[in-house]
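In the two complexes that follow, chain A is the common piece, with chain B as its partner first and chain C second.
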Partner chain A sequence: MKALMSVGALVGAIALLLLVGMILDVVPSNTVRLVEGYMPIQMLLEVACFVAGFTGLSYMLSSMGMAVPRFWQGIGFWAFVLLYLKFRVYPPIPFSVRAMYGTVSLVAVFMWVSANEDDWKKFKQPIMNVLDAQSGANKMLRYAYLVLIPVLVGFTSFNAMKPKSEEPIELRTVHPAPPASTKVHGKTYTLQTSQNPYRVNPEGKFDQEYSNKLIVEQGMGRLMAPNANPWDEKNQGYLKYVKEGGEIFFQNCHFCHGDNLNGRGLHAFAFNPIPANFTDPGTIAQLQETFIFWRVAKGGIGLPNEGFPWASVMPPWEQHLTVDEIWKVILFEYWHTGYYPRTWD
Partner chain B sequence: MGLVTRKKVFSIMALCAMVGLLLFPVIVSLPSLAIGADAPDAAKKEEAKVEKGRDVYYKTEGIVVGAPAPKTVDGPRDYPRYNFESRVLLWFANQQHLYYGSFVLAVPIFCMVVEFMGVVTKDKALAKRYDQLAYDFIKISLTAYSLTAVLGGILIFTFLTLYPAFFGYLSSIFRPVMHIYALMFVAESGTLYIYYYGWDKMKEGFLKWIHLSMSVILNIIGTLLMFLANSWIGFMMSPAGVDEQGRFLGNIWHVLHTALWNPLNLHRILGNMAFGGGVVAAYAAYKFLASKTDEDRAHYDWMGYIAMALGVAFLIPLPFAGYWLMREVYAYRQQMGITLMGGLLAWLFIIQATMIGILFLSTNYYLWQAMGRMRGAEKYQRYIKYLVFILACGYLVFITPHTMVMTPAELKAMGGQQHPVLGNYGVMSAKNGGINVIITTTVLSFVWYMRGNKVSTVSWSKFGNIFMGCFFFFAYINIIGLAIYGYYIPANVRVGLSVPQVATTLSCLFFMFALNSVMMKGAKQMGPIEWGKISARSQYALIMLATAFTWMMGLMGYIRSSVRLFWHVNEIMRDNSPWAYTHTVGFAANMISFNVLFFWISILFVFWLGSLAAKKAPVDAKAGVPGSAPQPAGSH
Partner chain C sequence: MNTSMGKKAGIVLASAFGLALFSAGPLVLTASAEEVPQGFKKGELAPEPPADMIEAGKRVYFTKCVWCHGVDGAGDGPGADRLWPRPRNFNQGTFKIRHTASGELPLFDAKKPTPGQNDLFETVTHGLPGSAMPSWEGILTEEQRLQVLAFVTTQLVKDRKFTDKQSESQTILQLADLKPKEATEESKKRGSELIVEKKCVECHGMEGRGDGNAFNLKDDWGFSIQPANWHKCWNFRGSRQDPYNVKNIFRTFSTGVNGTPMPSFADSTSVDDRWDIANFVNSLCERDPEGNPLPIDPLTDKPKINFVVPSNPVEGEIPTDIENEAWQKTQKRIIAMGGQITHKPRNFVNRIDDIWVRSLYNEKSIVYLLEWDDRTKSVAEGKLPWAPTQVNVDVKEQDPKTGEEGSIAAHQNNYAVYNDAVAIETPVKWQDLPAPIKPRYLFGSNEQYPVDIVKWEADGSLRAFKGTGWDKDFEERDSYEENLKVLKSEWKNGRWYVMIQRPVGNKKDQDYDEDTLFEMGKYIPTVFFAWDGHNGDAGRKMAVSAFYYTFMQPPTPREVYIYPFVIAGGIVLLEAWVLTRRANKRKGKTL
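Then we have the complex of A and B:
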């Protein structure tokens, strides 16, 4: 047990040093990289390691007779969460999300320190000591708080009310609700039931399973599946159309959506919001191909009234591309990102 | 005829009267069915003259028997109004009626359960306590019942005066259903009063069983009432039984049995139960905090615990029922699903996730606090911090928005709309994992609570403990593993992953509870549960639980209603009033808060009224309350 705690303490100490380095800007945030494909769990595991480390540190300090009071443990852990979110995770997290996380972690700390009467008493003790002001130092602290707390409240209020020149915060809706059907080049497509006519096997039959096997594989980066090279001249069916879709994409779309399809094309940052990032698991991965077909065909101007203003400069591509070209470019987008379109079977 | 026999005869007569009341609306509706049965013959004769239409949902052909949905225009004829937003007035009336309606439908179900526990418990003192508790429950709901009826009247008048065209159309479609509803309401009232006022007269032996049977009938009527009311909102969201113009095609079952009716029914039953439990628990918490004696504190502590346990028992399956509802919404109309979960109303779902998290956090916190009144539960206290950590992680994932609120400067610094790390938590795969982790942890807290002051004496207790530990460990691994795997597979397969995740959580719930009960049979007691010796913080957690329930109910009702966007009846009858737009998130949140506040103030008044009319509590029952009393076997 002692050995385990010692390892924990070591992990905790190293992790803390790294975090302090990041806070002081001595160590870059990406020294320990967040790996694409593993990020969701990597961040949580990292925080779990910190917690294990803190447990070890607390145990060691306690064994050495230098136990950290529960009050400071609680405050310290909360401060750690705030600093971790601010200085470790990159790119920077917006304030609104940090505020949500900070509030939840404050509640969690409260639940921890007040889970039983003993802990709660220990936690409250320093606060009660200051309020009771039995010693000179506590008396001084009480006066200091008497002045500082109103000043802090006043400053916060002033800061909140002060006119700012920043652009206001936006609460955008990312996925507009599609219509039941859409008319493109004179033909009506029912979004719930239409299919991409180019998602076909070499025999020319619609085959979702076949195309699913040939998409780019995800993991630590994106790699083409074996024997699934769209540039192979002998290809028939799905992969042939993926290549044709790719050509259309690079002729028309990549200027904004980027050559990695991550929404960071040449012109991307001229727009607000920047174009959609197809590699994100929350965009095309969540949607039916017919949804994308409708969005590409009708562009920003064809978005529904609800949720206006959409602030989308996406052109209505039906004015520039044929129906076939739109379907092919969608095929390429799914292939390249390694996502499957949503289906309802 | 002896006194007892006479009582029995009267009781059986009362029960028969209730069954009669229950069947009355059905019998009354039979002639109309008979007329309906003749109708096809008549129709055959005049087939050439009748007009046929196609059902918008069932796609069956039917004879048009109703008028088309009115095409309303903004003006005093279709939308008469005060100098105020009519929609807001209707929202308020509707929400208050729903709060009270849910409460008075849920409490008799609790009553039935608690009364049954009292009847089957062998310990007489405990049986008396259960009986008193059930009586307390029904007493609370009785005053609220009158208010529910009054609010129902206000709601109908609001509809008639502010939305006459819409309500006229709805009542033309649901005419027979509305009459049956009204008659069911009469049946519900009659049953409730017989049940309440017959309590003392039917408190023992055979008569008690008759009384218990009455509660079953009462709840059947209540549930049917709710189903009928649900059919109206089901029709508004996913109409059926009418053609494209909204003309009724003669099949009332189609109108009732719309695509969303059953998911709504299930979701509302569970939701009502959880809400009812929360309100009663808050009542008990309030009484606990106001108690002057240890005896009262012990009684209300116990009452709060039972109400909380019943409420949470229905809260645990609630997210799964919600999931089924959403699945059906997507299946009915994809755009409706996207508007809810990914589009216009998505932010409200983030708020909902926050509220769900608060519910589970409050429940866990209460259970940890409750362990403080048991000797022997100290052994679990040191591990609570790890539960807090797991809960917090699940909660953070569950509430992370996919599209974040940010300034343009933050957007540029982040490099896109979605954060490459946290954006991953904004999708369904992660959220399913998050909520299942939260629920499994709540189950674990319950298991700890159940064995808090006990030491298993079965010979295989060591093996049992290791088995339980491994079961929970692998449950977490399975839930989290599937959540990660969900990123790498097609969406339709990913949706299916929720089944093993939910199955894992429910396995923990049922197997672990069952195993724990077997292990704790005849267990060594480390000391009694000292009812009443619980921290005040725990009672605030109960109040928090109830407030969060109330707020969430208001929120979800608003979301469900808003998803119709500018339709009174989806794709059939358009809302042409000036208020056919979706409110801002801020306005909606303020309105929901106002409704919650009003409900709590009014229900405090109801509680006060209830205490005025209080039946003098039997002294012996009070004396038997906790502290010195034996522990309720079924209470933990």
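Then we have the complex of A and C:
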């Protein structure tokens, strides 16, 4: 038990030091990188580490006779949650969301300190002591609070009332409903029944199972499956078209969507919102190939009214690419991210 | 390259000579150590990576890298022709960012990913800002990055060999042991003198904006190359995602940039002088008004963007002097610019990648002060062969063809020169647009909801246009031009300073189906366009920004100064109430 607790204490101390370093900007906040896609679980693990660490720390301190009063434990933990959300999590969470999490954790802390009558009394004690001001120190504290609280509240309200120029908040519909059919280069494609003409086996037959076997492997790095190199000149069918699609992608799309299809291309920093990240499980992995066909062919301007606000400079690629080229690019995007397109059934 | 090769051979010879005399005693040793530039030490070549790493690296290469760097690593993948700078050609073993002496191969050890001791690994990890090479950290694991480098260094570097002791040597900058000199005013002042003495300004320009000898520079492959702009340290290739770190500048200055005209200054400059120069160069990088580094967005490795451009109120005339207090007090915003690649002629390589904007307004007008770096002042030499208002025009000379000769990199600096220009676009009837009041497309929604464009060109003209849709030609608005005014336009040492004035409008005598009404306290969507005439930019071949907001700051209302006091007073009363209650309760108890 004791050993376990000491390990916990050690973890807690290190974790706390790291967090303090990040807050004071001594340690860069990307020291332990939050990896895209794994971020939620990473954060949960981290917070679990912290909690274990705190348990260990408080155990160690109390066994050394320096027990932290419940009052400070409660306040400390709440402060920790707020600081963690503000300084650790990147990309930053907006204040309104942090306020929500802050309130929830405040309630949780209250439930924890008032779990039974005894704890609640212990928690209240320091507050009562200051109110009663029996000792000199408490008297000092009481006067200090008497002055500080109004000043602080006044100042905060001044800040809140001062006219400010903060960016208006924007909400987006990420995947608007597609139309039933779309007309590209004079031909009408029904989204429900169309197929990617290049998702074919070496015999030239549409074969999703065949192509699914040859896409890049999921897992760190997303590398191509062994012996499925699109640059192999002997390729027939699917992989040959993947390579052709890649050529089109790297002449037209990577400028925004990035060399790794993660929406961080050369020009991406200039746009708001930044271009779609295809490696995110929420984009092409959730959609049918024909949906992508419609989006690529018609671009931002082709979004329906409810796909609001459009705020997209995605051009209608039918202006620059042939139908075949569009299908090949889509084939490449699924290959490179290692996702299977969703099917209609 | 010839000189650097010669120098390398010299170093090899010298070190061989030193080694031969090594046994002769300590006296000779000090003599041979002098052959190594100050701050450098001789190092060992790294061992050959194991075969299984090379094989694994091939898999990484053909998934991720081949698309730009090509099957044979000659920097000629499908992406190459529309990029400038072009992707690296690995065959010659010429690498830019190193800790090794000029002309030498970079540090690479497939088994030791130690920061500061593995140049190629750090390049892949952090990417090369200002080029299309991204940071691969978080995408490829550390092992995968080492594997792919094992493949590149053994299979794709063809003219040199990383393990050949006969022809290769490593003279390594001991950056970890060298303590940066404190960036005192004195050090920076000495640096500013040294950059003139060392002729840095000949290429990098008087103010370090890379505008010196910007036109005649070529890299080893004959492609046009630009000197670095010291004011944008986040675009330094060697910034290693830590742009304000003076060590990066010290390293590049000490080792030179292989394959480019940037030589190593290690032989001719003492370590102390090098720190002075690095401190000065570092001090030029854009900073906030307090002199702190700009916050860098880790998602883009560029300065963080605030999309609201505040405009401050001015009583009376708006000053035209940038040094005026009103301008100095106004917050500057960085506007990120990307290439317009959606309509022909497309701009894959935009040479203007940011604009600094400030704004002031009075009762009648609003003035934008736009400052942006442009290495060349361009005024059109002839007439543009197509209408600049036109969209979707096939302009043959602007269209990159495939193959090295047709590539954008080969065309750089061979374009017909047009006007440098800048434009501000605001939507008409923005009040009627649903929140967040942005037009449907960058160039206007439709006939009913057009945009109002004010464009200044380097020939001195200031014109107004109307944009009515995503692929509609702009329409010139002759009637509006008399309302516009250029308060200032100056190109100095690689930077444009342009002040454009336009009416804020009033509800009485203007037609708001045509013009934008600038209303105080409202968010008015604003887009910026920029053209670099020497990049062949004209018409839709331009750099574009996203939607920003112009916000005319209202003066602070009086209530703001009153209510906080009232609230604070209320809190005092509340405190008194709590205290009395507690005291009474205690009394009740004790009694």
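By our rule, the second predicted complex is superposed on the first by the 272 of 345 C-alpha atoms of A that agree within 3 Å, B and C clash if a C-alpha of one lies under 4 Å from a C-alpha of the other, contacts with A are read in each partner's own complex, and residues count from 1 in each chain.
Basically, a contact is a pair of C-beta atoms (placed from the backbone, for glycine too) under 8 Å apart; a residue touches a chain by one contact, two chains touch by 3 or more.
Keep in mind that this is a model prediction, so the values were computed, not measured.
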Inset, instruction - Determine, under the contact definition given at the top, whether A:272 touches first (chain B), second (chain C), both, or neither. - result: both
Inset, instruction - State whether A:319 touches chain B only (first), chain C only (second), both chains, or neither. - result: second
Legend entry - First (chain B), second (chain C), both or neither touched by A:262: both
Inset, instruction - Figure out whether A:14 sits in contact with chain B (first) or chain C (second), or with both, or with neither. - result: neither
Inset, instruction - Pick one for A:137: touches chain B only (first), chain C only (second), both, or neither. - result: neither
Inset, instruction - Quick one: classify A:231 as touching chain B (first), chain C (second), both or neither. - result: second
Inset, instruction - Scan A:44 for contacts with chain B and chain C and give back first, second, both or neither. - result: first
Inset, instruction - Determine, under the contact definition given at the top, whether A:167 touches first (chain B), second (chain C), both, or neither. - result: both
Legend entry - On chain A, positions contacted by chain B and by chain C: 36, 91, 166-170, 262, 264, 269, 272, 274
Legend entry - Touch list for chain B against partner chain A, complex: 330-331, 333-336, 338-339, 342-344, 346-347, 357, 361, 364-365, 368-369, 371-372, 378, 381, 384-385, 388-389, 391-393, 395-397, 399-430, 480, 484, 487-492, 535, 537, 565-566, 581-582, 585
Inset, instruction - Provide the residue numbers of chain C that touch chain A in the complex, in ascending order. - result: 59-60, 62-64, 66-68, 71, 77-79, 81-82, 132-134, 136-141, 144, 297-300, 302, 305-308, 310, 336-339, 341-344, 348, 350, 353, 392, 434-438, 440-442, 470-471, 521, 523, 544-547, 549, 551, 553-554, 556-557, 559-561, 563-565, 567-569, 571-572, 575, 578-579, 582, 586
Legend entry - Complex interface listing, chain A residues touching chain C: 29-30, 33, 35-36, 90-91, 128, 131-132, 145-146, 149-151, 153-155, 157-158, 161-163, 165-170, 216, 220-224, 226, 229-231, 246-252, 254-256, 258-260, 262, 264-272, 274, 299-301, 308-311, 313-315, 319-320, 336
Legend entry - Touching residues on chain A, where the partner in the complex is chain B: 34, 36, 39-41, 43-44, 47-48, 51, 89, 91-97, 100-101, 104-105, 107-108, 111-112, 114-120, 166-180, 191-192, 212, 218, 262-264, 269, 272-274, 276-277, 280-283, 285-286, 288, 291, 306-307, 340-345
